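In this document, chain identifiers A, B and C correspond to the written order of the chains, with residue numbering beginning at 1 in each.
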Amino acid sequence: MADDWAEAPGAVAERLAAEALIVDVDGFEGPLDLLLTLSRTQKVDLRKISILNLARQYLEFVEKARQLRLELAADYLVMAAWLAFLKSRLLLPPDPEEEGPSGEEMAAHLAFQLERLQAMRDVAARLMARDQLGRDFFVRGQPETVTRTRKVTYTATLLDLMQGYARTRTRDEFRPYAMDREAIFSLEQALDRMRGLIGFAGEWTDISAYLPEGFGTDPARRRSAAASTFAASLELAKEGRIELRQSEAFAPIELRRRG
Amino acid sequence: MPQDAETERESLFEAPPMAEQERMVEAILFATSEPISARELDARLPHGCDAAEALVHLRRRYEGRGVSLARIGDGYALRTAPDLGYLMQRETVEIRKLSRAAIETLAIIAYHQPVTRAEIEEIRGVSVSRGTVDQLLEMEWIRFGRRKMTPGRPVTFVVTDTFLGHFGLETARDLPGLRELRAAGLLDSRLPPMSMPGAKSEDDEDELPLKDGDQSELFEE
Amino acid sequence: MPQDAETERESLFEAPPMAEQERMVEAILFATSEPISARELDARLPHGCDAAEALVHLRRRYEGRGVSLARIGDGYALRTAPDLGYLMQRETVEIRKLSRAAIETLAIIAYHQPVTRAEIEEIRGVSVSRGTVDQLLEMEWIRFGRRKMTPGRPVTFVVTDTFLGHFGLETARDLPGLRELRAAGLLDSRLPPMSMPGAKSEDDEDELPLKDGDQSELFEE
């Protein structure tokens, strides 16, 4: 390996450069950044760069890093593997059987990536070199606040008015109605209750076991609870969470958890 | 032009031309957060500048403009022209729905006018806040009617023509009665719990529910 | 109706002469440090004014002065002339030092917008740290754009008017070198051929770093 370095023209400078790169490996922002830096040693337009040379440089770099027992992040090694593959593609005659992009296509894309990254760095530098607010030009130092006066106008519709009146006049009518609701067990309530309980329903269980407490004795309340519990179990069966069965008409309905 | 001024200053240490000094003073006055004196300006301007003279030019330049050079104590500052102060105010008109308390009070006045505050409170079952009545008065939807010939001679409230105009009514008697409201399906039987006796809505915060005694009297009616 | 009365009253007056409109716009812009759009100006000026025309006059008036009228996206604002920045040491605000990664990410967003995180990573060849994006978002230099109509519907980033205002750009089209980059095809989104490192799926939102085990496997290859 050392012989190779010595034989190549300008090898000393190149080796020094390479060593400097290795020492500074933490300073690179990934393999593409490293490739871009390496490509500068070719001293040509990025469009005319020799990807083959670049791949060789990169692989030598990685090899040297391994000899120095420097730990390289995984993506550098992924790139090394890929460049080795690219190198073989570029050197060997194309295999007509082989699928995927040709070596030239891959090389062209890498060249494009390097050129694009360089271009973005150039424009980033141009952007930061522009006059900047707060450094080169300035905003008004004594902004005068715009005072906002808010005028609120209120409105109401005839419907609001009539409903409002009806509300005040019929308030008493709603009291017994509110009491009525105590005898009702709604579908929502039944669903809530059953969702919480079906986790434990491994075995076939009579659906009447799911009636809420206090709803079993009073006929009106029992009727309401039975209807909503039955409707809720249908809903849960539809959701695929439970199975239902009934051996014959009017026989007890049984349910169990599914799966 | 600016570059010329700068190179001139640097090579000959000559003061920039007055026009340039003027724009320097203009920029500094624009950007400083406080009024700045002529002495401070001199200290910030290149050597040999005459801030006082530049200020005279600048003041003249801004004469009659939307901005003027104001002198504040020892300092100078650019200020928007005093006659344009009204542009620095923005009036936003916001249309809000009347609160439930206001609507109910208004409705009772419309249906029962002339009606005293005590009567309104009796019907609503809660005390009527001064703010609610004031708001309706201010909107010119209600006004004071005749005093009632009962002990204490309480004031009464009636609705106004503005009220009738807003709701498209010829007279308050045109308002539909309870039975008609019910027939028209306007009596919402599923009231939110807020409207339950004793429960207060947010806008009713300043309203105190009447004692149970008062309320039950009403139900007996 | 109060609204009708108002519009009627306003239309009785003619719009003020253009010179007056110009000083009104001048006063409003002078009073604030934030850009204001022509539409907002119209809303604040008396009925019948034409802010857009007044702005044209005003821009001309401030040409070559110490303060100039800048256009920032949809908005207009007065700013000191950049060549006088050296006079303003006292006003200079500490501009947060951005990392190289943040600067490059910002440039990529500005030149490629709307751009996804995956695209930024493709261009830079490294993953974009959350901190970098957060910092740019916090500075209000970038914001989320529309989701891309590609699988996973990834979010995109675009630059803001605050960014444009900071760098004295009227629109993102005025970015330095934009035309050359486009002509050179460097702004095209060219997908890498399969099997390239970095050719990953778009919706790779939270990419996990490789485990140590994976790394050592690679060494053996």
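Descriptive notes on the structure:
Operating definition for what follows: contacts are C-beta pairs under 8 Å (C-beta built on N, C-alpha and C of every residue); 3 or more make two chains touch, one makes a residue touch a chain.
The chain lineup, named per UniProt: A = Segregation and condensation protein A; B, C = SMC-Scp complex subunit ScpB.
Please read these numbers as outputs of a predicted model, since none were measured by experiment.
Among the other chains, the CA centroid farthest from that of chain C (SMC-Scp complex subunit ScpB) is the one of B. Ranked by how close its C-alpha mean sits to the mean of all protein C-alpha atoms, the top chain is C.
Per-chain Cα centroids separate chain A from chain C (SMC-Scp complex subunit ScpB) by 25 Å.
Inter-chain spacing, taken between the CA centroids of chain B (SMC-Scp complex subunit ScpB) and chain C (SMC-Scp complex subunit ScpB), is 34 Å. Chain A and chain B (SMC-Scp complex subunit ScpB) have centres, each the mean of its CA atoms, that are 45 Å apart. Looking at chain C (SMC-Scp complex subunit ScpB), one finds that residues 30-31, 78, 80-81, 88, 91 touch two or more other chains.
Residues of chain A in contact with two or more other chains: 138-141, 144, 146, 153.
Residues 22-28, 30-31, 44-45, 64-67, 78, 80-81, 83-84, 87-88, 90-91 of chain C (SMC-Scp complex subunit ScpB) touch chain B (SMC-Scp complex subunit ScpB) in their complex. Those residues of chain A whose C-beta lies close enough to touch chain C (SMC-Scp complex subunit ScpB) in the complex are 29-33, 66, 74-75, 77-79, 81-82, 85, 100-101, 105-106, 109-110, 112-113, 115-117, 119-124, 126-128, 130-141, 143-144, 146, 153. Here chain A touches chain B (SMC-Scp complex subunit ScpB) in the complex through residues 138-142, 144-172, 174-175, 177-178, going by the rule given at the top. Those residues of chain B (SMC-Scp complex subunit ScpB) whose C-beta lies close enough to touch chain A in the complex are 27, 30-34, 77-80, 88-98, 100, 102-104, 106-108, 110-111, 123-125, 135, 139, 167-169, 175-176, 178, 181-182, 186-189, 191, 195-197, 218-219.
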